Amino acid sequence: MIVGERKPIREILELLGDNTTVLVVGCGSCVTVCLSGGEREARELASILRIRGQSAREVTVERQCEKEFLLPLEKEIEPVQAVVSLACGIGVQAMSEMFSSHRVFPGLNTTFMGMPVEQGLWEEYCSGCGECVVHKYGGVCPVTRCAKSLFNGPCGGSQAGLCEVKPDRDCAWQLIYDRLKSQNRVEELLQVQPPKDWSFSRSGGHRKMSREDMLL
Amino acid sequence: MKVVAIGCDKSGYPAVLRTLEGGCTPQLEVDVRGVSCLGVVRESLLLEILEGDASYILLAGCPLDSCHNLEGSRFAKARAERVNALLDEAEVDKRVVLAFVTADKTSPIRDALARCVDEKDRVT
Amino acid sequence: MSWLKDVLESGAFAVTGEVGPPKSPNIQPVLKKVNQVCRHVDAVNFTDNQTAIVRMSSLAGCLLAKEAGADPVMQMVCRDRNRIALQSDLLGACALGVENVLCLSGDHQSMGNHPQSKNVFDVDSIQLLEIFKNMRDRSAFQNGEEIKSPVKVFLGAGESPYADPVAFRAMRLAKKVAAGAQFIQTQAIFDIERFEQWMFEVRGLGLHKKVFILGGVIPVKSARALRYMQEEVPGLVIPENLIHRLEKADDAKAEGVNICVETIERLKEIEGVAGVHIMAIAWESIIPEIVERAGLFPRPAKGAEHNHEDPKRT
């Protein structure tokens, strides 16, 4: 899922500036699950704005990243001066595209693709590099979970199984080594992995996917 | 200044009523409501109340370790802290205040109401 | 060709030193440090923005050292350059007569003085070794295109015998050797027993016959400095007894040198250790004393072809 973190309320207030009639739009998908931009958070933010004397309403759609779900918002948006989207960066852009005469402000920062690892804690697991290779690494992504995206083994700073860059995190290469050892596959790590083809990643420029068989 | 007091039927509600019968800080107008357990009070309700003219919400319930429904008071404490954090972030002076009592205790309620009078006080 | 390579291949116990380029364009500190150490080491490493702090480029330092008569080792990290820039800089180094290159991943920028910067890590240090090896041995760029003139380079890598997972460390060295490493300069050794254990594993894989291993040492000036390294520098293991020795010593600096010299004496006895790499951080002037006391002076004399070889400029 996509994980996001609500912007500080002070920053949202600064973004809104003199716009006093506001619609807060939550998203019922990823950011609901990570407790940052769903129905509950939309209601809380609108409530806080009202407590501060602004005229705010809230609405939450099932998925802000699909325009079909945004169509019914037209009437809600029409009278307001500004929209705060609590969706990920995709939702904010979808809203901006759909309601292009309105200012749509991002109410959260999209942080990463990851998963909840325990109650109230999320971790990044995927960078969307466009060419998945996790099977070579015991199912642990070195691109994302190693701070230096190393493909051929740990750096020289891993200690007690923890990352030297973020010492509250596991060293991805310790995880990879342990997983492969438990599968009796450690010798596979001796293979020198050639440089990655990053052209499938963001480095290759803006990405698109098309399915000829699904086009209308 | 207006305070909305939400009390647990088993502890906080009777305690608040008893406190008010014994006389209360004159600056305060206290609106008392009873609930079956503080665990039913959600953040949304707290915020909705604060959208009105109340400056404070007093949540009065069973002591943390002897909540009739086990975790109700703990939930209330966590939610109050979340709402207070939001209010802090938004630089709003309103606050949620907590008091954990048994039905016959009045002093923790009196102390909590007294704290409401000093606008600078924060929930601990 | 590389003087360091000649010394190692001659079977002599090699000595390399390290110079951190200045945080300015001033060439005086570089020349001063090079002059302090050049008669006592076979080659001088120039760090590449080590600990992610901006300094004069390694290549510039190498060129200054080369002109002063030393054999430089250009360190290159993968943090700041993609494969285009890395290959380009290797060509540039070759053009200027810098023939030793040490391939490293590089410290993460969050540890340095520009933590807001974007890192690269297009390739890792092992991939970099392989790219450079192919540029030299196959005259081919990473994309397979031909390089029209020969690339001469003596390839090195770092290794940290102490970092986790420890069981993978010798294997990781094997990968570096397979990828093209011809010499290795290790992380600083304080715990000699654990280093010996690692060398035992390295010999078990036969790697000591395929690559020249130079053990890294750091002379320290105080117990506090050693404690700091113990607590803050990832990949180092520092035994308590060394810190106690420095605490008890009347002259901690002298004791730090003693420890360093003793470590080198032990390294000389370990089968498969081909030399020592002295990282006297901000204390380059101590290198001659250490080398002399460790019985490693004088250094092998350079033949005429290695003396003040002019950079091949046209």
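Residue numbering begins at 1 within each chain, and the chains themselves are lettered A, B and C in the order written.
The rule is short, and it goes like this: a residue touches a chain if its C-beta (ideal position, glycine included) is under 8 Å from a C-beta of that chain, and two chains touch if they have at least 3 such contacts.
All values derive from a computational prediction rather than experimental measurement.
Two chain pairs, A-C and A-B, are compared here, and A-C has more C-beta pairs in contact (counted per touch definition above). Put simply, the chain closest to the centre of the protein, by Cα centroids, is A. Centroids built from CA atoms put chain C at 65 Å from chain B. Distance between chain centres (mean CA atoms), chain A to chain C: 40 Å. Chain B has its Cα centroid 37 Å from the Cα centroid of chain A. Listed for chain A are no residues, as none touches two or more other chains.
Residues 78-79, 83, 105-108, 110-111, 119, 121-127, 130-131, 142, 158-160, 163-165, 167-168, 171-172, 174-175, 178-179, 187, 234-235 of chain C are the ones touching chain A in the complex. Contact residues of chain A toward chain B in the complex are 8-10, 13, 40, 43-44, 47-48, 50-52. Across the complex, chain A is touched by residues 43-44, 47-48, 50-51, 86-87, 89-92, 94 of chain B.
Chain A makes touch with chain C in their complex at residues 147-161, 164-165, 171, 173-174, 177-178, 181, 186, 189-190, 192-196, 198.
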